[in-house]
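You will see subunit A twice below: alongside subunit B first, and alongside subunit C after that.
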Partner chain A sequence: MKRPVLTLYCLLVYAFLLAPILVVVGASFNAGNFLTFPPQGLSLRWYVTFFHNDVFMRAIRTSLWVAAMATVISGTIGTMAALYYVQHAGRWKEAVRIAMLAPLLLPEVLTAIALLFFVYAVGIGTTTMIGMVAGHVLITLPFVFINVSASLESFDPSWDMAARSLGADRLTRFRRIMLPLIKPGVIGGALFAFIISFDTFTISFMLKGIGTSTLPIQLFDYLRTNFTPEAAAVSTVSIVLTLVVVIVSEKVLGLRIHRF
Partner chain B sequence: MTEVSIERLTKTFGGARAVDGISIRIADGEFISLLGPSGCGKTTTLKMIAGFEEASEGAIRFDGKDVVNVPAEKRDIGMVFQNYALFPHMTVVQNLAFGLEMRKIAKPEMLSRIAEVLDMVQLGGYSDRYPNQLSGGQQQRVALARALVIEPKILLLDEPLANLDAKLREEMRVFIRDLQRRVGITTVYVTHDQAEAMTMSDRVVVMFGGRIAQIGAPSDIYERPENLEVAQFVGQVNLVKGTILGGTITGAAGPGKSRVASVFGEVAVDSRTDHAPGAAVTLSLRPEAIELKTASQGGAQGKVTARYYSGSIIDYRIALDSGETLHVQTFPNIRIAEGDRVSVHAPADGFWLLGAAK
Partner chain C sequence: MTATRRKGFGPLILIAPAAVLLGVFLVLPYLNIVVMSFRMPGQGTPYGPGFTTGNYTKFFADSFYLLQVANTLWIGLITTALCLVVGFPVAWQLARGNMRFRALAYGLVLSPLLVGIVIRSYGWTILLGNNGLINRTLTGMGLIDRPLPLMYNALGIVIALVHVFLPFMILPIMAAIQGVDPSLESAARSLGASRFTAFRRIVLPLCTPGIQAGCILVFVLSLSAYVTPSLIGGLRVKTMAVTVVDALIDTFQWPWGSALALMLSVTGALCVVIFARLTRMKWKVART
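On to the complex of A and B.
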């Protein structure tokens, strides 16, 4: 604590940013009928209501399913794109990077409208979830790409050469040498993809199938007509879900970076 | 074991010829160094032998069989890299086991071979360490062990000591050389450090600009350099201007020598090339071949302009009265101070007549 003023300042900024989230979590334990803080008595009644609300339950299942699909697809494509970008793009490197990051640079609403036109033009429509998953893949791809290419940049080509000299073919080298060494980047990217997909509103709003809904959309819908602590309970559950995903992948798959 | 034959090997990048038609025959069990400044094509040559770079032209034969079209993973080579290139997510044993697994060696044999090789590089107790828990020298020994445990046809080393500090580098030179002799493996060693190449190799290949300037035993390269470039790259050298004198040399000096007039008088000098009488030539004279005596004892006269003491030797800079500057190395038992006038003696066999640079 060498600089007390700076430290205090930082703490205040964090408090300012994080307090609303804590307020939402606090409000979810409200015993009263309205979304107020401090809560009027403590109760889990709004959680019970939430878990018995079929509409919300269906929405959360849809969200999880779409996020899982988007994570797997975007994790695979993003990793392959990063491999191409770092190892083979040559003079197209900058062009590839800009193309991969384009979804970050364009306003999401624009991407969403364009995709909506596109899925109808090619006859996919919005009766299935194909369009929505494609949209989620598109907006999560840059995060996988950035993470994986960063870890590939620190991948020493002589590791690959050493493995070759020891007799390993291309597939073995990828499986035994490259993948384990870029794993933190791949998992980090996939986590980002999952969280962003789970949380996104605009893309889902435009591309969701008729009659289906993701959690953020359902919550928005709900808040238009209701103002009960159930909304806070929904938010708290989605925060917890996100945290669980992060912690579990860290423990099971390992996010720690090898120190060379 | 394996004999390697490189024939008119060429590598072009774009239009540039990084390696330009070089031919080397490496005997079974021989230790050969490719020595040259950066960009001379030595690493590209090594990579072509390993199979990491495709040869543009020419042949590489292992025991007579052309391997140019054999991919690196099937060439059966052991390679050691400058930055060790140990797999950071594997322990020492796992690093060593990798190549054996690729060869589908049964577990018991694998373990005994790993133990044997680790013993050879004196890292018996380090099996379960990760590379980042080892020092640079230890990492390089693991890299050596990993290359040797697969019992490859050829061992290739790409500047393996460049990242180590000076003292360790000297220890590792001897260590690698002894190990190579014991295993008896054909070895190609790339370096830009002439002292390294000379102490370790059976023969040294000096390369400039993608071509071979000279191949020979270390003493050949040092004492009888092909041309000015080689002489200057391999150690310190004084260049002395001279003129070829006519007439034949008889007696002990014998044929194959030329008579040359220089500041040091008339000397019979060894050479590989013929020069017409009257031709202006350059003689090389190694700093340690020169003897310094106190003034007025014959020989060329000069003055000490600088003196650098470095323990085992002293370096002197001498300004000759004839205008030339000499670099002299002597043992510290001769005490001559800066500013002293000296007589400079150079024995005839300290000179070497340089050919023109190609």
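On to the complex of A and C.
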């Protein structure tokens, strides 16, 4: 190593980044009733408690359902918008981009509150999941848009013209040329949309109805009053779920994710 | 004829769903919340009939809320500064260092983003609590008698916020440094500039856009952070976002909560504009 001080410094920062995550995973195997150090032996009892806890299991199902809905909707809308942005926006290009990134640029807490009042103002309230799903679509849309438009940047219009001159119709050209090109971007964007939606807090917190808490909300509520390692077990399962999604898509689909 | 028509209307179908979504679920709610902030407080209802500017005069008349905004801005400022100091060398090494484990290091920087904010804040409560890992280790080693006050104060909030938002500082700066041609630096060195001078006069100005983007991102995110201050600060230290959300969830004061939320956002936006002026920022939404 050429610069030992810099390397050491970076290693310390990486340790800092990983520390709280590793601590949560470690705490989940604590056999004691409380989060004590050193742990009172190793055990999987808190995982068993968690899997028998209906409240948490229902929260996981809600989270997965909302994330799936948000991913499908914002994946479709975001991809269409990215196609428009790259190919047809013309002089509106910058305006389209800023509008699509707006949910990312506005403070999430304000968006969440504004949405809450709005769903009450139009009379749907939080008895349906419409508000919650709309909120998740909003905050995941920029990520789909960023990923798909990034994958379209490399698109050369002459390929499309070449196919056209060879007699391919619109549908064929879309299916055989456009789709394979944007596929990695669409899947990468959808993957990020899923993870963001699965982990997001503020939007779900403001727009949750009775019995429609997502996993982060349920965990947060639990943490305000309880100190057992069950929360650590819940967190670890949540982390593992995310990791599985990421690793599977990386290995199977060979993805590159553009977060920025 | 059909070709021109298709060019005229066809593509608009692509943008229509996004336009409708953003119009209905973003623009309308934001207009609505502005109107809401001028409504009368209700008696047993979220808001009453009629309009008033009372919510704003109440905000400016009460030093409690002004102090809290100042406190929130202060926490945001310290968090941003620390993220910059901690993150810059890492961004530098990721961009320039010829290390074998670059992919792994990059993954380490990204990994916190894949873990929910509740879980990460929870991890910090385990580390920083009075009976937490750090205090237990230190007392166990006989270094301290009483636990250090690491949690339920601004210090704990800042530590956790730096952790939560550090990737948002590192990634834009890394991208900016990658865009600076290393040969520019060599040229400066060969002309007799010291390493520090070459960095200060060549590299730093060129990667300023990345630093600005990172700073604004971290600052805005820390202002509207709710989970971390709420879990780490407890009831003792409240930031503005926590006060706003609690005002809405616990007491149902919609007009008052709206005014507070808008004042916080406007103050944050003002800070961003001042920061941009001071650092002579070229306005362009960070190219993604």
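Definition applied: the second predicted complex is superposed on the first by the 248 of 260 C-alpha atoms of A that agree within 3 Å, B and C clash if a C-alpha of one lies under 4 Å from a C-alpha of the other, contacts with A are read in each partner's own complex, and residues count from 1 in each chain.
Keep in mind that, in the parts below, a residue touches a chain if its C-beta (ideal position, glycine included) is under 8 Å from a C-beta of that chain, and two chains touch if they have at least 3 such contacts.
Remember, predicted model here, so these are calculated numbers, not experimental data.
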| item | value |
| --- | --- |
| Fit-or-clash call for subunit B and subunit C when the two complexes are aligned on subunit A | fit |
| First, second, both or neither for A:Ala81, with subunit B first and subunit C second | second |
| Partner chain(s) touched by A:Met206 [first = subunit B, second = subunit C, both, neither] | second |
| Partner chain in contact with A:Met129 - subunit B first, subunit C second, else both or neither | neither |
| In the superposition, subunit B vs subunit C on subunit A residues touched | C |
| Contacts of A:Pro180 with subunit B and subunit C, given as first, second, both or neither | first |
| First (subunit B), second (subunit C), both or neither touched by A:Thr172 | first |
| Touching partner for A:Ala163 - first (subunit B), second (subunit C), both, neither | first |
| Where subunit B and subunit C come nearest after superposition, their Cα distance in Å | 8 |
| Residues of subunit A contacting subunit B in one complex and subunit C in the other | 258-260 |
| Subunit A - residues contacting subunit B, complex | 156, 158-159, 161-169, 172, 176-177, 180-181, 258-260 |
| Touch list for subunit B against partner subunit A, complex | 50-52, 71-79, 81, 83, 85-89, 98-99, 102-103, 131-132, 143, 146-147, 150, 156 |
| Contacting residues of subunit A [partner subunit C, same complex] | 1, 3, 6-7, 9-10, 13-14, 16-21, 23-24, 27, 35-37, 76-78, 80-81, 83-85, 87-89, 96-103, 105-111, 113-118, 120-121, 134-135, 137-138, 141, 146, 150, 195, 198-202, 205-206, 215-216, 219-220, 223-224, 231-232, 235, 238-239, 242-243, 246, 258-260 |
| In the complex, subunit C residues that touch subunit A | 11-15, 17-19, 21-22, 25-26, 28-30, 32-33, 36, 46, 86-87, 89-90, 92-93, 97, 99, 105, 108-120, 122-127, 131-133, 136-137, 160, 163, 166-167, 171-172, 175, 220, 223-224, 226-227, 230-231, 241, 244-245, 248, 254, 257-258, 261-262, 264-265, 268, 285-286, 288 |
